[in-house]
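Several structures are given next for inspection.
Each of the next two complexes has chain A plus one more chain, namely chain B in the first and chain C in the second.
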Partner chain A sequence: MIEICPLADLPAGEAKRVLVPPHPPIAVFHTEDGAVYALDDTCTHQDASLADGWVEDCRVECPLHASTFDLRTGGVDQPPAKVGVRAHAVTVQDGTIYVELSDETPNLPPGVSYGASA
Partner chain B sequence: MTDTVATPSLIKTLPGAAYTDPAYFTAEQAAIFETMWFCVVRSADIPDPGSYRTVQVGRESLIISRARDKSVKAFLNVCKHRGARLCTDEQGQVQRSFQCPYHAWTYGLDGKLIAAPNLTKMPDIDRVEFGLTSLPVREWLGYVWVCLADEPPSFEDSVQQDIVDRLGDLDSISHYDVADLALGKRIVYDVAANWKLIIENFMECYHCATIHPELTEVLPEFADGYAAQYFVGHGAEFGPDVKGFTVDGSEGLDKIPTVADDQDRRYYAITVRPQVFVNLVPDHVIIHRMFPLAADRTVVECDWLYLPSVVEAGKDVTASVELFHRVNSQDFDACERTQLGMSSRSYREGGVLVPSEHHIGAFHDWVTSMVGTPRQEA
Partner chain C sequence: MKRTLVVVGASLAGLSTARAARAQGFDGRVIVIGDEEHRPYDRPPLSKQFLDGSMSEADLALEAPDEDLDVEWVLGQRALQLDPSTRSVLIAGGRQIVADDVVVATGARARWLNLSGSQLPGVHILRTLEDAQGLRADLLPGKRLVVVGAGFIGAEIASTAKKLGLDVTVLEVAPTPLAGPLGVTMGEVIGRLHEAHGVDLRTGVTIDHVEGVDRVTGVELADSTVLEADVVVAGVGATPNVEWLRDTDLDLANGVVCDAVGGTGIPHVAAVGDCAAWLDPAYGQPRRIEHWTGALDRPAVAVANLLGTGATVKPVAPPYFWSDQYDSRLQFTGASSNADRISFEVGSPDDDSYLAVYWEGDVAIGALGVNCVRPFTKFRRELATRVTQQV
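And then the complex of A and B:
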């Protein structure tokens, strides 16, 4: 389990990119409905931060192109991204956000690599 | 500064080159359109977050848009990366961002750089510094005004002062409640004439009896050649048999209730330098915005504004719009005809202004003071 931040530091409707070396960075989302989700932060099509994207109906739209990812599963809906991102388990305990990283292999875009996943 | 000629009745105009020389036009863009408050769009043209219009101001293309917090923003229409033009449409609606179609640099509605390919690998890129270049904005009379100057002049001492100089005070225009009127009709005119010919034409009425038969029927005093703009606080009175400011003098629309009794049945006209004309009549307001595009080309966007109840009820404004649309067409035809003569050897030193046009000399002095003296040969 990785401690992310106090829930109060991530207002509803916002997202943050969190570096978790040697793993790829993750994006943590606090939705308008109050739920908290975590995905790999990097779009699988091209290097862009999903934390900079737009959240609507439990999906995040990559800020560069039109692919959107399901905040619960990481599944992708439409090209140009062809594969989903990993979803990570989130718990909020005593007002603090924790993430349990997925042990699946990340789907990183061409030319992007991080530490152990290189 | 105004030159006199041998005959005291006449003063000289600017030389022909001031209307044809591309170098002089470029100097006007830099010294006038890029230094003053410039009226770009009606606020209601960009009603929602992400609504935008693109406009040309001086030598720059601008995006005028509404941000998420509903505030109006003006940006240079240029990507900070490699300079591509961001928006090529005249108007549109974006969802959440302005994205450059070249490398997908993506800007929020507040202009900040949100995303770009590999941006996370370049943490030293400041998202505000590399955001869109933002310009000062004012909203007044229901229009958005922008200024390209590094230090904009006082709005009160420039735009509002031009109104005060013509009407005597700002209260007189506030009676027309212009910001809360609704757009009844918009007509865009693409005029093959220099912007100064259009302003000069609007300032004088020596031509009225000749080219504006309908207007002169409604405003009989225009037949003597002295325009409303010759005086301070003077509105031209409707003719005794005229029911409204319409093409045939028939009844107009519902009167704007806050218009004062002494403003009723009168027509007021104001030039707000460098590119706005305002006409006030009891039941509507006409606003012209000029967009000078070249020494010999000016696009004029003209709005007819009525009480919201008139527009919502779908009342017939045809006869009302037709009067000034006809005036505009007559005027712009005359301006295009005049443009043809500007490059003639017989106009090298310019023409002359008769007494009812002498106030145009002050406009010429103002242009010269801003831009410098035009050379006499193009």
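And then the complex of A and C:
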């Protein structure tokens, strides 16, 4: 489990990018209705940070080209991204956000690699 | 008999139409006719990641590997004519495909340079996969490239070619590049990216002809300057593919002129994507918008209206496009043309990252973000919310 930050530091409606080397960065989302989710941060289409995207109805829209990803599953809805991102398990304990990284292989976009996953 | 939807044009707008029809519960036949041999592929990377080799042909596919829309693809076949009374589409070879509903999604084609010598080998345009493959083969390190037109596609090709090690000159007839989409102030700022990256941008320049015997060797300008070149590429705009609709009553003044939901005035015929000029309620006139996101999102609106699916669809959002040039990620939304002032909400034009907001009086009507993804996205959403609530 990785300690992310106190819940109070991530207001509802906000998202943050968290570096977890050697793994690809993750994005942690605190939705308007109070839930916290974590996905791989890098869009599977190109090198965009999903933490910069727009969250609506439990999906995040990539800030560049309109694919949206389900915050619960990482599943993608429409092109140009064709595969989903990994979803990571989140727990909030004593006011702190923790993430358990998925052990699936990440779906990184062409030309992008991070440490051990390269 | 099952209701038949025929989509003409098998690219982003055509695929999005087929997808929208299925997503909205249409269970009739869907036939997609396209004159390219390929299943729908993505064009924006053709001037960027495909051209520099970081994306492969397989990466361009727009369909997901496991996607099954139950579509009959009629590929490598050009639609020649539409008979609006029987709603039949004539394709090459004399075959008639009869439809209950027709969606026109034939997009646009790159304009060719209308100059002596422009047919020489080594002179390129860029719209299709084959164009990109041909251009890529010519973009060899150390060669001299002249790009005609400093619009988005010209600027992207220049930036990719520079990265590949070519010596690049960009020629623009207007005094300021990108003044149309971005306005003069920001067009000027973005134009400076060329110089900052060692590319020679010359504005206010007219070309007289292209030089060469068996292959291009240069271009001669109207003032008789000769620029030597091994490769020339034109990025001088696109023409909507609507000639095949000539014999109909469709209004083809600027692509297919449509109402605010893609209706053409002929019952059961709609038009979407780069070939269509939808009524923009904010401006009270049709605007033909050649952006990827328009071709992606608007078909859902057109299909709901055309097929009467009763589906709730996302209302038409203000235009949005992006462009990648050198190390800059440009994003633009809204409109610049009526702006009387620009403010910098993040950074300044001298920074690598900034957000420029366009104002008409005290209303923010558009924004340009450069390497400024999060604030730009926030602005884009606020604008979309405001505009769609007004309509």
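Please note the rule applied: the second predicted complex is superposed on the first by the 118 of 118 C-alpha atoms of A that agree within 3 Å, B and C clash if a C-alpha of one lies under 4 Å from a C-alpha of the other, contacts with A are read in each partner's own complex, and residues count from 1 in each chain.
Convention: contacts are C-beta pairs under 8 Å (C-beta built on N, C-alpha and C of every residue); 3 or more make two chains touch, one makes a residue touch a chain.
Keep in mind that this is a model prediction, so the values were computed, not measured.
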item	value
Touching partner for A:Pro106 - first (chain B), second (chain C), both, neither	neither
Which of chain B and chain C A:Pro79 touches, first, second, both or neither	second
Partner chain(s) touched by A:Pro25 [first = chain B, second = chain C, both, neither]	first
Touching partner for A:Gln46 - first (chain B), second (chain C), both, neither	both
Dominant toucher of chain A (residue count), chain B or chain C	C
Which of chain B and chain C A:Trp54 touches, first, second, both or neither	both
Touching partner for A:Pro63 - first (chain B), second (chain C), both, neither	both
Residues on chain A lying within both footprints (that of chain B and that of chain C)	46, 48-49, 52-54, 63-65
Footprint of chain B on chain A - complex, ascending	17, 25, 41-42, 46-49, 52-54, 63-65
Touching residues (chain side chain A, partner chain C) in the complex	46, 48-49, 51-54, 63-66, 76, 78-80, 82-83, 110-111
List of chain C residues in touch with chain A within their complex	12, 15, 19, 42, 49, 54-56, 59, 61-65, 292-293, 296-297, 322, 329, 331, 373-374, 376-377, 381
Residue ranges of chain B touching chain A (in the complex, touch as defined)	95-97, 99, 104, 106, 114-121
